[in-house]
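One chain, subunit A, links the two complexes that follow: it is found with subunit B in the first and with subunit C in the second.
Then we have the complex of A and B:
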């Protein structure tokens, strides 16, 4: 078979749905869809560009509503083939949007408050959304090994998604990760490699591997598949608006690690407006960080456009990215929409986890505590209008970060197994 | 206000939908719907009796399909008011039915194999289903405190459901429970009482409390609300059949603790047949136990009708009920349908958890390991036809029983952060 024939075969089997190119966020240069992530001209980050069908918002809305109860209902807006739902995958998404009336009362919110609870995903974090899109890209590019560096949620999401979709997986972690997190990463049976070094060493190693022939056929979800991977976060925007009855909320509070999720939610909201699926109106985007890793909120407060890296030291480990790639874009979006980027300390994070649990019955991981804690602070400091409609995103599950609340969460009483002892405890 | 007026007010606000009475499973004596659980005539267990609308299966099917994506789509078949979905609750159910082709291949199953994955529920176990029905009964009876004894899943399910539905909760646990489980039970902020004693002591105490004025206004989900609570498990049967396209499977493999879930799934399947929602055909029900707590499988093998209590000693703690209330009914159903009750040991349980994780990307708790392990054994011993269509139920989440797999689940390699070191590991 001639080389051209092979190439055209590969090309013919490639189907990214409405996605037509990769586009540089800095210089707007365009590239064919491929497993690349940086602009060849200016080294800026690449993102997926689309050509959406236009003119029939009602038809598109109906098509979405008739779709599967997963992110695949939005296949017409994602870099995936139209028949994506029929391929074996974890079917993440369409998680619950919980009307949080009790939390609203505690926070003094008089408008509608909702929690988008992404702990309902298959491996209990929003990472299942982004990994699912990366898996489809890997299929398109004929890659055979799914990989990532991770200290938590992403490892499990990649491991589980690889199994379901029929990929080999190889996940890299720091060798001294806590036992529980190692189990969550290892249980899906893929290769799990402990690296003798810090998380930064792990990332450096992954970048080396990707440039080496050893890494041929490998798809790193958050490196060479990153432009596709990131698009998965748009589905949070789509779901929130659809679940509100095809309406934009006034405010969205979003945790910021690399900042990718926040920028993609904004992208998703704008697409919905452009496509006529929701009516245009002002919305404000708020970013939430932990004080112990707050490069973006620090820059926001200082009025800077540049984000100065920090060395993370916070219990919100899933947000502990000291040098966030999308930090400057987060600043842009928060300022453009009239939002803000704020942070809370570890004690406030723990308090917020408990607040959400005791008001709404949702047990969030530390990142969720950051979001709810920042929401509280935004209201208290007058940065967020309590009479507006607000959505706060819980990105993960409290079962994965039990240590955060364990020291301050215990029985209200210890009694002997008698009615007298119970009566004395004063709980009847 | 006269006493009669109060009584009729209470009665008027009581709405159990199609449920009309409690009926004794032993002597068939009927009682008005109330917070009672034992027959006044023969002390047999009570269950909910219904008067279903008949004659229009197609209309009922359409009504269900247009309903919410939770157990409430089956409100017409449950002891709940028709508008139940509008009351604040966790909206459990309608979890994924996963076509388990890779698992099937490993097990030598040539028919269709499905895993009903109930780890997708709000607190990640099937207990959210049963508690949700108990909550509606508690609303109907004007009870104000939700309670239970538990060592795990039930505590979290009750704690979270109480918060969402606006009840006080008070959960009783053995005082020496592992720290992680205490956190899961305590984080929702209700009362959590550690009892100095064994789990049996906790249960004895709860029975005493329920008979005492101290326990007035209390709803114990698995005691005085047990007849309602149990009905929640019927929704597993409804969902499985609907997700198969309104069809009965050939085999269902179900974990057995008290045995309630298995008996209610059988009840649900029979209702679907009677209502004309599925076509009648033979189905076989299989019960799955852990060898370390196998009173029902032991009785099944011995051909006994009576279940002899055992002292549990197994890693599958959520199934460790040594004296299962519904054991004899489980035996009846397994024998009547041509199924079986089997057990596997702790090592087989761990192997099965890993097998499910590495074939389907589903991380099950130990009870799920019991189900998959027993499925494997049933096939190997010729008790289950591998050419038939089988559904296995995973009732909970591996994140809650990390200890079971931790000792044998770890990195495949530890390397230095260099390509040479990676090359030496032979994983490229």
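Then we have the complex of A and C:
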């Protein structure tokens, strides 16, 4: 019955490549591909189900390697048409996997340590990956306005992608975000609306808007297009494994806001194993939160399998989601793989941003500081094996959150333009 | 106690397509029972087999998430607005 009801309200899809349906992660009820996000039976989140070609992993690997240097090289594994690379999109992805030897030495890591640096995306955060997929879904469904509820990075990614792909955009953010993120979201010329409240209030507003005639024809990347949008995070898993020479790392440390990215990276790793693109072996997934918004790490430590919402209070605003929808799945995955979910306080976040910058030349935003700070804590507390191969994900650029480090970062000295002055400052 | 309840799209098959309905009750639990009386089947969509709020359902009384309050026992004063919203995320 559920399928018939949904089918009657949704435009027919055109081309979603290997995607065949939406499937409820909770109760497994299936629905036709459409701009819907919650299961009609149990309210569970819907995710994309695929029928992948099987039997020729070597051929698939070669096809991927011959593809464009963007996420579209993985088009055979995504809900997009085969000719997606020819459509106007920001073409994100294939960012650097940096071998972080100097950081490893500082942290006492004896195995290989890598930083997947997603600040190299078009709008300088991993959000370009997820938005790129949502844009193609919006195009398929004939939607005309792109929108989102955002803690900042997503708003910028949607604004830029909308312009490139020819959509109107109207995005919603908490009114008190970092100036850098507000400017980055506004500069692309779409409408940017500040909401008086937290991210969770913004999210609630958008959920109500999508159910109202006012929201007709709108594609909210992280609401009604969320099943497609989320799939973009799988490309982080694909790239990491390909860049490691088509193999799984031992550990991955991932920041957790809603938990979507972590769950999709796990999904991507599982798909690579099933398709025979990498050899199966144990890997551990670790989630990283800020202490001031730590509903998932708190639940992990308490042994709970549900997440109690919190009111966020942290400098890591891009992770400040107090009621994380995918929190229970993060707990499941961390426990299933033998990983953990940890948190660090604001001071540790700033220290970690500086640590990554001074060891590897990578300037991370606060979320990246959370990841590196948690990596350090996991090693110090014996929760992560320093002899194993670890990948930590930096999801965004430090230029977006200058306020976090500006009070404690500045010139070593201000001097007159003379050699004497230079000498007197003790810099010679 | 009469309250206005906003119904999400996926539950409007139970309310004849209405996005907002009225219900009676001084607590959320009573409001859901009242909804069930007028729109049979809706309660089982919002509550699980143990009678608890499903984990992917968010309910707000006025502007407050009931999980920060008393859950199903949260008071619903006369004239309150109750919103039932599927949990979503992003950032």
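Everything below uses one rule, namely that the second predicted complex is superposed on the first by the 398 of 428 C-alpha atoms of A that agree within 3 Å, B and C clash if a C-alpha of one lies under 4 Å from a C-alpha of the other, contacts with A are read in each partner's own complex, and residues count from 1 in each chain.
The rule we apply is simple: a residue touches a chain if its C-beta (ideal position, glycine included) is under 8 Å from a C-beta of that chain, and two chains touch if they have at least 3 such contacts.
Everything numeric in this text was worked out from a predicted model, so none of it was measured.
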Handout entry: Touching partner for A:204 - first (subunit B), second (subunit C), both, neither
Key = both
Practice task
Please work out whether A:123 is in contact with subunit B alone, subunit C alone, both, or neither, and reply first, second, both or neither.
Solution key: first
Practice task
Return first, second, both or neither, reflecting whether A:50 touches subunit B, subunit C, both chains, or no partner chain.
Solution key: neither
Practice task
Check whether A:212 is in contact with subunit B, with subunit C, with both or with neither, and answer first, second, both or neither.
Solution key: both
Exercise for the section: Examine A:309 and indicate which partner it touches, taking first as subunit B and second as subunit C; both and neither are also allowed. Expected result: second
Exercise for the section: Classify the contacts of A:325 with the two partner chains as first (subunit B alone), second (subunit C alone), both, or neither. Expected result: second
Fill in the blank from the handout: Between subunit B and subunit C, more residues of subunit A are touched by B
Handout entry: subunit B versus subunit C as contact partner of A:186, first or second or both or neither
Key = first
Practice task
Enumerate the residues of subunit A that count as touching subunit B in its complex and touching subunit C in the other.
Solution key: 201, 204, 208, 212
Exercise for the section: Would you pull the subunit C residues touching subunit A in the complex into a rising list? Expected result: 6, 8-10, 13, 19, 45-46, 54-58, 60, 63, 65, 67-68, 83, 85-91
Completion exercise
Residue positions on subunit A within touch of subunit C in the complex are 5, 26, 36-45, 148-151, 153-154, 199-201, 203-204, 206-208, 210-212, 221-223, 226, 229, 257-260, 306, 308-309, 311, 318-319, 321, 323-326, 328
Problem - Complex contact set, residues of subunit B against subunit A - result: 69, 88, 90-91, 96, 101-102, 120, 122-124, 156, 159-164, 166, 170, 173, 175, 179-180, 182-184, 186-197, 201-202, 204-205, 208-209, 212, 214-215, 353-354, 357-363, 397-400, 402, 405-406, 409-419, 422-423, 425, 427-428
